[in-house]
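Next come two complexes built around chain A: one with chain B, the other with chain C.
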Partner chain A sequence: MKEGKISPTQLVFLLFLSRIFSVLEQTPSFGDSFSGATLLLSTLLSFVMQCILVIPMLLLFYRYQEQNILGCAFLASPILGKIAAWFFLLLFLLHLSGGYAIFSFFMTNIVYPKSSSFLIVLLLAAVCTACACYGLQGLARAGTVIFTLFILTTAFLSFAAADNADALNIHAIPGDGFSQIIESALNSTSKNTEFFAMLMLLPKIAKPQKKRACAFWFLTLTFLFIELTQFLILAVLGDFGMEQTFPYYALTTVIDFSIFQRLDSLHVTLWIFAAVFHCTLYSICISKCTAVLFPHKISRFTPLFSLAAGGGLGVFFAGNMQFLRQIKLSNSLFLTLVAAVFPLILFIILYRKEKRHAPQKGISAPAAHS
Partner chain B sequence: MFTSLKGRIQAIKQAASFKGANPAGEEPDHPISPQLNETLISLRTRFQNSSDLMVREITLGGVKTALILAEGLVSQQTLSEILLEPLLTHRFPRNAGVEAVRNFVENQSILAADMLPVYTYNELFRFIMSGFVVILIDGAPRGTACGIQGYSFRSISEPTAEVNELGSKEGFTEPIRVNMSLVRRRIKSPLLKFELFPVGKISRTDICLIYMTDRVSAKLLRDVRRKINGIDLDVVLTSGYLQPFLTGRPWSLFSDVGSTERPDVLAAKVQEGRIAVLIDGTPFALIIPYLFTENFQTLDDYAHSAFYASFIRIIRYFSFITSILLPGAYVAISTFHPELLPQALLFNIAAAEDTTPFPIGIEALIIHLLYEIMREAGLRLPRPVGHAVSIVGALVIGDAAVTAGLIGAPMVMIVATTAIASFVVPSLHEPVSVLRFAYILVGMSLGLYGITLLSLLLLVNICTLENFGQPYTAPVAPFSSFAMRDTFIRLSFRTLQKHTATLQELNGSHLSEKNQEESS
Partner chain C sequence: MRRKKAFLLLLLILSAVFPLSGCLSPIQLNRQAIVQGIGIDYQDGKYRLTFQVFSPSDAAGGSNIGASADNAKIICSEGATVSDAVQNGVRVQGKELFIGQNRVIVLGMGAAQHDLEESIAYFGTNVASRQNAHILVSATTAEEIISMKINQGILPAETLERITENARMNGLAHSVRLFELRKTLDTQHESAVLPVISVKEEAAQTASDGQAGESGGSQSIDQVSPFEIDETAVFSQNVFRGLLDKQQTRGMMWIRGEVESTSIQIQLKGNPASLHIYRAGSKLIPCEGSQKPEFNLSIMCHATKEESSAAYDLYSNEEELLLALENAAEQNIRSECDAAFADGAQALVCDFLNFGNILWQKNPSLFYTLQDNWDTALSDFILNVDVTVQIDRVGVEYGSGE
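On to the complex of A and B.
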């Protein structure tokens, strides 16, 4: 697997495309039973929450420019490093297989009802493994192209949807109480599992001083896209959209433009793009975990491990979606603990450690670790 | 003239030192003997009395002298006029001695522009086989090589593979020195440098690196020299022999080493900081490194107005995508997603395909296979017969097969459109042909899902390609905004003249020292 730095813009696009996977598959039946107005407001609140959540991570990575979360954990204590590596390995594996399962669920229910989920997962896993083998740089460069396509397609879909929008749907948006807005915001925040990927990849950018901008633009782009899609769903489908399993897909099926009778194939194509980026990113993160846990002789087989373990679990989850829901991979408390509290604890531990050692050794911490 | 001579001497010295001073292959080099007979015996033994080795022994001022040359490589007229005549008509004093004869040959009679000393056997073989006449004087420790090459070669003509509407009609030809002169005529700058040396243990083919000393990246130059130095081939006959050694990923479908038949294109590329490689005996030069977007640029783009050039470039990108995707997408949509087609179109396709015995995917595969066979046949056969093949193919496939109900008319149209679209970007013909089949297979078995997955895999593969530290997909990914003025569109020369962008300036390039530091 090739190692190399990527530009901050490339990382923003990568994270955005990965995040889009969970945005496009948002299923209200999985718990989002809120009104349209609540969703729109809560997305804004969720954006603010995520901006706060990212602060400890940035603090840590600005001090230890070249280290990712595992590197920092190893600096704090080798045992903690190993535990963190195993924890993140399992976490990424679960998210990877969850991604495969949700993708397979959508494809076998909507696009190819006669296909087996095994075949769908196997193909996706094989492609993601191959892409992961090409390395982060190749994926990041491809992300630039796909992001451009994505923006163009979204603009086209929005333009086409505008024709089908009904003002009545917007006026009739009912409102919920503040507690529902908070609940919805927490729910929306918990779905941003790309925070975990950020913990591994943020130090990989070529310009370390751009980490803050990188995080900010990722969150802003995601926020804008979610707001836009939710607004379109509300404007075109109204309450009907809130009842759909895949509301964005439902939106594209009702849009017609010129000779195109339906635009769901565009949505499916975009979602496949997003799925590949999402799963490949997690495969790469798995590789980063195994690289610190095992010697190179073993860790070089990580892509195969990701293919077998991720694919296998993916097929299992695809057949047991209820089980996947019970695991609650997206949980706001868990996200806060892992993405914000853990980096904060590491920051405090390392800071205290430096304070203890600096007067004796006479060197500053960043110089020692970078 | 003298600059050229000096350059040549330098090049030959460089050549001698380039591969461990063993130009004749495996055998170690030895100095030539002052005894003429000994040298001639050794020479004949090494050449195994080959028919084309000519040795003319004469006596000058009582000293035995030999003229050695390879038949067919030397101009007979020049040999008589500027070499034999002065030597034979000069009045040497009786028993003039070795030094007097050598002094006359080397200093007093200007026999040829190219006159070089010969010290070793390997130099001797090399000069003879490069069309030099070597004069050996009995008792002298070195010989003299006179460059009076004169072999027949194809004259300069219009390139066949890169046809141009408004540009020059001159294309490269086979002899390397003629090609070097074609480039020199276009860039009359002392900063343009030619570096000549032999490659191939047996063939000793001359190859020439061409670059602008002020624009080329030192790292790139060093790496290219190192890679060429590592080539261990016995024979180098065409540019294709060297290409795999210069590419970043030999197993990729797309080549990151460019090829051109045009001196003007080569001059333009060299101006952007690239290195060109000319190979003796082939009219195709290699360009290193080569970017994906360059496949869509032609010299005509710079001869037409900016708006038209931009329009044509976009057409080329569209054609490339069409030539790869259209058949596969058609098969996938017709087989798995007919709901995507407008109703009227769907009914027409259904009516046409209703009478055919094969599924659409198989039909597409068969017709594309036939098309590739006909294309290859038309290419290999003599031109008049090639045209006949095309006519027969068009009649058989286009008319008879449809009339007989073997294939549907829409499929014929798809194949024809795809074929024509693939002609728009000839440099990508190889990957396009292979990918088209891959897309048909994926489309017929997995539908749009498979097509999307394959496209992504291909995209990531292309984006991963790097040659000598230059990303293949630059300036799109990594993105360089300033390079966009001459990528998908071309801006006016009023804008382009402000700065000629070099490779090192593109984002993501590891060729410049600055970027290397950044990435390390």
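On to the complex of A and C.
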């Protein structure tokens, strides 16, 4: 395997583990207020939407095999490349700090109600920064192990929950169901902020021809996991489950298996792993952006920067969750513009540029971009 | 340089041990009262809580945990609200109450009738509270049930939990867990049902006589458990509506498809006989096309012959006897379902038979039409019951034995 590259399977596992964070933190207090068959159908529709959204990205990366989104933007125009790098830097920073804040929100509400959110954010930020220092390959290796554990744990939880499940708890789609399904599907799609990470990391796989398979398996695995967890939550707790602050956590507190009186400790373990992978992945993406913007002399301090800026913002958001809800870090229109429209525009610009300069081949972006 | 880096890294990893020592603000085990059962009563405008805590008795300097030992202590506290009473519980005994291992919550009839939702709200939303604890209603006070001594198992609360589970498995009583009750209370159309536990009269009598007789005279063997679950309390929209008797309770369980196995007592031309249902299944399906909500209930039971010796002389052969047993059992189950439907759901104006949930799933448009006046709409419902009992196991004896 080439240096700095990871296998397609490893990238799928990494993206999946990162995405699971936003599935586990699914909470009505962040606007996830749909339930019943509406929710299940909307997840399916959202999967289809995401499969469509990923097409422009794949088109771009198949044509420019070695370039990520910043590299492609740089090829289109160096100024556009700089703007895109600043934009993605801010975007990843916001999502990183949002991740810290949501993790702290969960921990202070559920696990350690008496502890300070500052300490929790600080600990997670320190761990994620340290993990990010080991680079993408190190994280990818750990991802394979954790993914296996994750699947085993999920299978165990599903098996234990099946005893309490009753399909009668899943209510039919209401009269104005179609609009609700669309709304819920858009909401669900907007949660997949791993699209941004894909824009940075998809060209990092060792077999460039596997990009399509990589994206497809990531979306499929995520879809299957979300559909399964939503089905279990609804079948065990009904609409009431979707009114809980953390529905998936609520499910694990009510199921017991053999001598285990409650299985929420398993959920907390999964949650912590997912949070570490999510935040570490975003920290790595931040370093990809700074590598484009600054010379190595400065960019080598990126871990310190993401620890200070991400942690600081994380503490701020943790203390102002209402503000975090209002700014809505994920939005379906925004996601579409960044993850689908922007790559499509880049593809068109580069295609036309290529046609115009057909004889002059070999325009290349700086090494740091790819 | 490499070594220095490696050493620093090792130091960093080891330093993580200090902040990650398990729990933030930990409470030592000896400072916790591990609650196994909670009783909630409402008297004179105040909540009275009774906590049964695990507390092994000291014997010769060591802890003696065993079925014969007294492993539980009772803590009582009062407060204007349940959370206030919990706070006061800490004050009276100096330990932090840990409710993460709680097995059972008993609601006194007073608390259940006052405000069911308010009574359990604290335990429903508390992070540490066990959401799959069983919920029972006491025919009198919860304190009476929680403080009653049981001569079986390590802890009385554990036995209470087993009684509830066994009653459910034998088709005698419906069992409800805290999260199931909260889920039901969350819906408008669904009514909550809770098993009613009471102290047997003879047990209460023995308890009072026991103290007098301890000084001398003959002693009888202690009863294993002084409790029985025979009725079911029904609540609709947080209001207590009434009680279901044994027949209606099992009828409800048949309709809801909750009977796994049970024994059926029948009369064959005035002679007692019984069957054991070892497998049962029921399906409640709404009829399509009818103007009024109409449901078809089909119950299929596989049974084994139990007691029938008194009826042997009435039938010429075993086949005839089995056929008569099957018919009588079908009639018995049908009357239990009718009792639950007509004398239970329709008389109490409560939907505890899952009609709403089934209609919502199978015929949403009809459900949405009736949704706002669901309870009153129940009086127009029609239930057609079809029962099939098949005795396919005859036990160790076949024939009349003439």
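The rule is simple: the second predicted complex is superposed on the first by the 347 of 370 C-alpha atoms of A that agree within 3 Å, B and C clash if a C-alpha of one lies under 4 Å from a C-alpha of the other, contacts with A are read in each partner's own complex, and residues count from 1 in each chain.
Basically, a residue touches a chain if its C-beta (ideal position, glycine included) is under 8 Å from a C-beta of that chain, and two chains touch if they have at least 3 such contacts.
Small disclaimer: the values here were computed from a predicted structure and weren't measured.
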| item | value |
| --- | --- |
| Contacts of A:Leu123 with chain B and chain C, given as first, second, both or neither | both |
| Partner chain(s) touched by A:Ala206 [first = chain B, second = chain C, both, neither] | first |
| Touched partner set for A:Leu11, first chain B, second chain C, both or neither | neither |
| Which of chain B and chain C A:Gly238 touches, first, second, both or neither | second |
| Partner chain in contact with A:Asn109 - chain B first, chain C second, else both or neither | second |
| Partner chain(s) touched by A:Ile255 [first = chain B, second = chain C, both, neither] | second |
| Partner chain(s) touched by A:Leu168 [first = chain B, second = chain C, both, neither] | second |
| Residues of chain A at both interfaces, chain B in one complex, chain C in the other | 111-112, 123, 127, 130, 261-262 |
| Chain C - residues contacting chain A, complex | 12, 16, 19-20, 23-25, 100-101, 127, 130-132, 177, 179, 182-183, 186-187, 354, 357-358, 360-361, 364-365, 367-368 |
| Residues of chain A touching chain C in the complex | 109-115, 119, 123, 127, 130, 167-175, 237-241, 243, 250, 253-256, 261-262 |
| Chain B residues touching chain A - in the complex, by the definition given at the top | 336-337, 339-340, 342-343, 446-450, 452-453, 456-457, 459-461, 463-464, 471, 473, 476-479, 507-508, 518-519 |
| Chain B-touching residues of chain A, taken from the complex the two chains share | 2, 4-5, 7, 9-10, 107, 111-112, 120, 123-124, 127, 130-131, 134-135, 137-139, 141-146, 206-207, 259-262, 265, 268-269, 272-273, 276 |
